[in-house]
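Several structures are given next for inspection.
You will see chain A twice below: alongside chain B first, and alongside chain C after that.
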Partner chain A sequence: MADPVIQVRDLKWRYEGSREWVLKGIDLDIHQGEFVGIVGPNDSGKTTLAMCLNGLIPNNYPGVMEGRVIVDGMDTREHSVAEIAESVGFVFPDPESQFLSMTVEEEVVFALENRELPKEEIEERMRWALELTKIPEDYLEKPPYELSGGEKQRVAIASVLAMRPKIIILDEPTSMLDPIGKTEVIEVLTEMKRRYNATVIVIEHRLEDIAPLADKMVLVYHGTVRKVAPPREFFQGVDFLLEHDVFPPDVMVLANELRKRGLYDGPVPMTLEEAEQMVREIVGGVG
Partner chain B sequence: MPTKMRRSLLGYLPVDSPIFRLHPMTRLLFLLVVSAYPMLVRMPELNVAGSVFMLALFKISKVDLRIIKNYKMAFVNLFFVIAIAYTFFGGYQPDYRVLLKLGPIKVCWENLRWALVVYIQLIFAILIMIFFLCTMRERDIVVGLRALKVPFVLAYMAGLALRSIGLSIIDFNTIREAEKARALDLAALPFTEKVKKFGMYIVPLVALAIRRSDEVSNALDSRGFKFTGLRSGARTDYILSKYEMTKLDYAVLAAMGAFLAAIIVLRLATNWLSLESSLLYKI
Partner chain C sequence: MVEAIRVENVTYIYPDGTVGLRDASLRVEEGEFLAFIGQNGSGKTTLSKNIAGLLKPTKGDVWVFGRNTKEVPMSELATMVGYIFQNPDHQLFNQTVYDEIAYGPRNLKLPEEEVEERVREAMEIVGLDESYRDEHPFFLSKGLRQRVAIASILAMRPKVIIVDEPTTGQDFRQSIDIMDFLTMLNREHGHTIIIITHDMPIVAKYAERTVAMAGGRIILDGPTRWVFSQSEILAQANIKPPQVTRLAQRLTDLDFPPDVLSVEEMACLIEQRARGGA
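Then we have the complex of A and B:
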């Protein structure tokens, strides 16, 4: 297997003024093209880990760091965030907090102008990113902060996609959105997975949406990585996840309960179709 | 079919407004150049004519004139402030005509006349500013500044500052609503209590502003922005390339420049623009 595009080795981090380590020795490898879902309860260190992966930590936050983070060959301690941004795009949870410009068009091309790309290439990349995120052409001159929550986050994703980074990190991209906005963003993630072969790391609470997309799931708990596995294997241990304050979709919990009672011995269903199959098996092929 | 609108700094403007045929740099220079006119001209008749010209521009540009109505109380208050200032602090000369005596204070025609002259100047200037805010977006200001070769960092900071005003207003309203929901409504309190409790608004507002600046700084870094001082470097100016100066722009700029030059010459070489040339002076 090729070298990982992200290597995290015994990473420890604590913020200045705090005695407690937020990250307590994380080891993690992520390979090019993988779609990785990072889950864990609140305050487990997920966002801190994400900020370590694009260099915001340790470059922009004071604190104590031990261990190493190598991203696309760059040690995050030796490269600035702007340099790391050549390879890593970062989408923040609050769409409004990441807007830097006054219109959607300016927002999407901002990073491309910084990179000194030719105007023709900027135009081509902008159109591609807008098409992938389903942002209509007539939104170009609109202020991004006047759009709906889902549209705002799609603009934020388009701004990052236009950079065509090797790695895209999305930190709880649906956490501040209404149900429609959440669905819109998940659709964009699905489209990204289908059409854009980047490494995508998503920190997300909506496990039912991320599980079918992910190649690998990572459970972060109290600053440590407790489990790394492909989704099917990851969700087989439903009790383990519940013990670590991660709540799988109800259908997985149901399958787990049925297995414990000896009513079902198949795999935990990951999709609606698999859930339907499980029900058919249990009721003995009715219908 | 409803008219498509474009948001400006002060409301909305139809996208087919003729003002959008002008390059943002021309519109930015309009503010800088035309704002000098009322400052250089004392003669009230000319400033009234300037105000009428501005109202015509509002109409031609399809700006909703109701916006001006929002400022009617400000116009009234401004007159009283100026009138009081000139009445009390305008000085007194033996040849002044005293209209009224209020104890030791003499209300003189000459001071009131100056108040009127200054007020009319300010009305013209305010109309220019309202027109500018009604027809410009943050983007236009940034593009205008970039077209004027202002370093990107300064142009961008100007845009960011404008945006932060809007965000602070949103934050302030959010805090106010939250305070109201917890039974603190400053509007219902006497003035002294309002002042005392204002900290309840200011502290969270400052905290939010600091947090927002931190977030913007992270977002800038994450998009590969490198601070290179006032040198713009080779940063691609894609947005600017979307705009082109046309013959109309050059004609407007030439007219504004010629008018300004004429005003400066007349101001320096003659007294045609002074109060002494006004009908008001002959009263």
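Then we have the complex of A and C:
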């Protein structure tokens, strides 16, 4: 296998003025094209880890770092945030916190114009990003603040996609949205997985939606990585996840319960469809 | 049974002309635990604020313990219904935790000994250690700020407590802690609890009764189990029941009921069918 596009080696970090390490020795490899879900309870270091991957830490935050983070060949201690941003796009939980422009169009092309790309290429990348995030053409002149929460987050994602970064990190992209907005953003993630061969890293509590998309799941707990595995293996250990304050989707907890009752011995279902199949086999098989 | 709240044919129109609530009617008995569900803009917050007297009906009336919210002074209403905002920072504004919690009781012109007692009681119920008394609320963690916000409402000893999005931004463990705490207030202290939420698994686990809203109207109102079984009406309002409920609804041809609320319940139903004991 090729070298990982992200290599984290024994990473420790503590913010200035704090005695406690937020990250307590993290090792993690992520390969080009992987879709990675990062889960874990609040305040366990997920966002801090994400900021280490785009170089905001240690470049823009005072604190103490040990270990190494190599992103797309760049050691984050030796490269600026701007250089790392060429390879890594970042989407925040609150889309409004990252808007800079008065119209959707300006927002999406802002960084491209900064890079002085040719006009045709800017146009082409914008159309592609808008199409992938399902933002209609007639939204281009609208001010971002007039959009719904889900639309705002899709514009934020489009403006990151337009940069065509190798790596996209999304920090709880649905946490501030209502259910319709959450569904819209998950659909965009699904499209990204299907049509854009980037490395996608999502921090997310909505496991029901992320599990079927992920190639790899990472459990971060109290500043350490406790488990890294493909989703089916990751969610096989439901009790382990519950002990670490992660609540897997109902259908996985159900499979675990059925296993304890001696009724099921197969792989843990990822989706409602798979769970339906599981129940039909159990009920039909024995009777 | 004591009637806590009666909403009678209430329509609410915001100053900009937006219709927030259309002809809504609702009766709540003292001691109930309810959830208001629906998309943003469905009317659940408008309804809640009308119940708390923060908004007054454009048409119709809201009665709280038999008193019309249009006629009761706000200071008195605050002793009957407390409203806890989603973002605790929207309601915290004092310099110390003590002053924050004491603010309401002091407004009631209670003697300082009684204020002191209420603050101590409220801090104890929400599990805030005495040592936080003189801390500035803004230097506390979000979880602790939320506790301060709840304590400041409890110090008014309102019989009805409305909590807007108690679990948003919280992880699994924090959500369970908050909801167990509200359940304790409901069962042990007799508070009527209304939660406004998008979190359907939380509704299934904690609320006895659910009111679903869409377009400013109440579209379903009944036991949570029954509300989640109304899959077609919920789908029109873009409300997804919990995953385990949806699973059972896909299996009605095998005689699974459409109103399963928990994984445990579903596992038992599968076991009965698999072992042929049914």
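FYI, the second predicted complex is superposed on the first by the 284 of 287 C-alpha atoms of A that agree within 3 Å, B and C clash if a C-alpha of one lies under 4 Å from a C-alpha of the other, contacts with A are read in each partner's own complex, and residues count from 1 in each chain.
In this text, a residue touches a chain if its C-beta (ideal position, glycine included) is under 8 Å from a C-beta of that chain, and two chains touch if they have at least 3 such contacts.
These figures come from a predicted structure and were not determined experimentally.
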Open item on the list: Just to be sure I read the superposition right, which of the two partners does A:199 touch: chain B = first, chain C = second, or both, or neither?
Closed with: neither
Open item on the list: I want to verify the contact counts: of chain B and chain C, which reaches more residues of chain A?
Closed with: B
- [ ] Check whether A:133 is in contact with chain B, with chain C, with both or with neither, and answer first, second, both or neither.
- [x] neither
Task: Which superposed partner A:119 touches (first chain B, second chain C, both, neither) - done: first
TODO: State whether A:149 touches chain B only (first), chain C only (second), both chains, or neither.
DONE: second
Open item on the list: Looking at A:249, would you say it contacts chain B, chain C, both, or neither? Reply first, second, both or neither.
Closed with: second
Open item on the list: Quick check for you: in the superposed arrangement, does A:179 touch first (chain B), second (chain C), both or neither?
Closed with: second
Open item on the list: Which partner chains sit in contact with A:42 here, chain B, chain C, both or neither? Use first/second/both/neither.
Closed with: second
Open item on the list: Is A:276 touching anything from chain B or chain C once the two structures are fitted on A? First, second, both or neither.
Closed with: second
Task: Overlap of chain C and chain B interfaces on chain A (superposed complexes) - done: none
Task: Complex contact set, residues of chain B against chain A - done: 6-7, 137-139, 142, 159-160, 162-163, 166-167, 212, 215-226, 233-239, 241
Task: Partner chain A, residues of chain C touching it in the complex - done: 39-40, 141, 168-174, 198, 201, 238-240, 242-244, 246-247, 250-251, 254, 263-264, 266-267, 270-271, 273-276
Open item on the list: With touch defined as at the start, can you tell me which chain A residues reach chain C in the complex?
Closed with: 41-43, 149, 175, 178-180, 205, 208, 245-247, 249-251, 253-254, 257-258, 261, 263, 272, 275-276, 279-280, 282-283, 285-287
Task: Footprint of chain B on chain A - complex, ascending - done: 54, 56, 59-60, 80-82, 85-86, 89-90, 92, 94, 96-103, 105-106, 109-119, 122-123, 141-143, 145-146, 159, 163
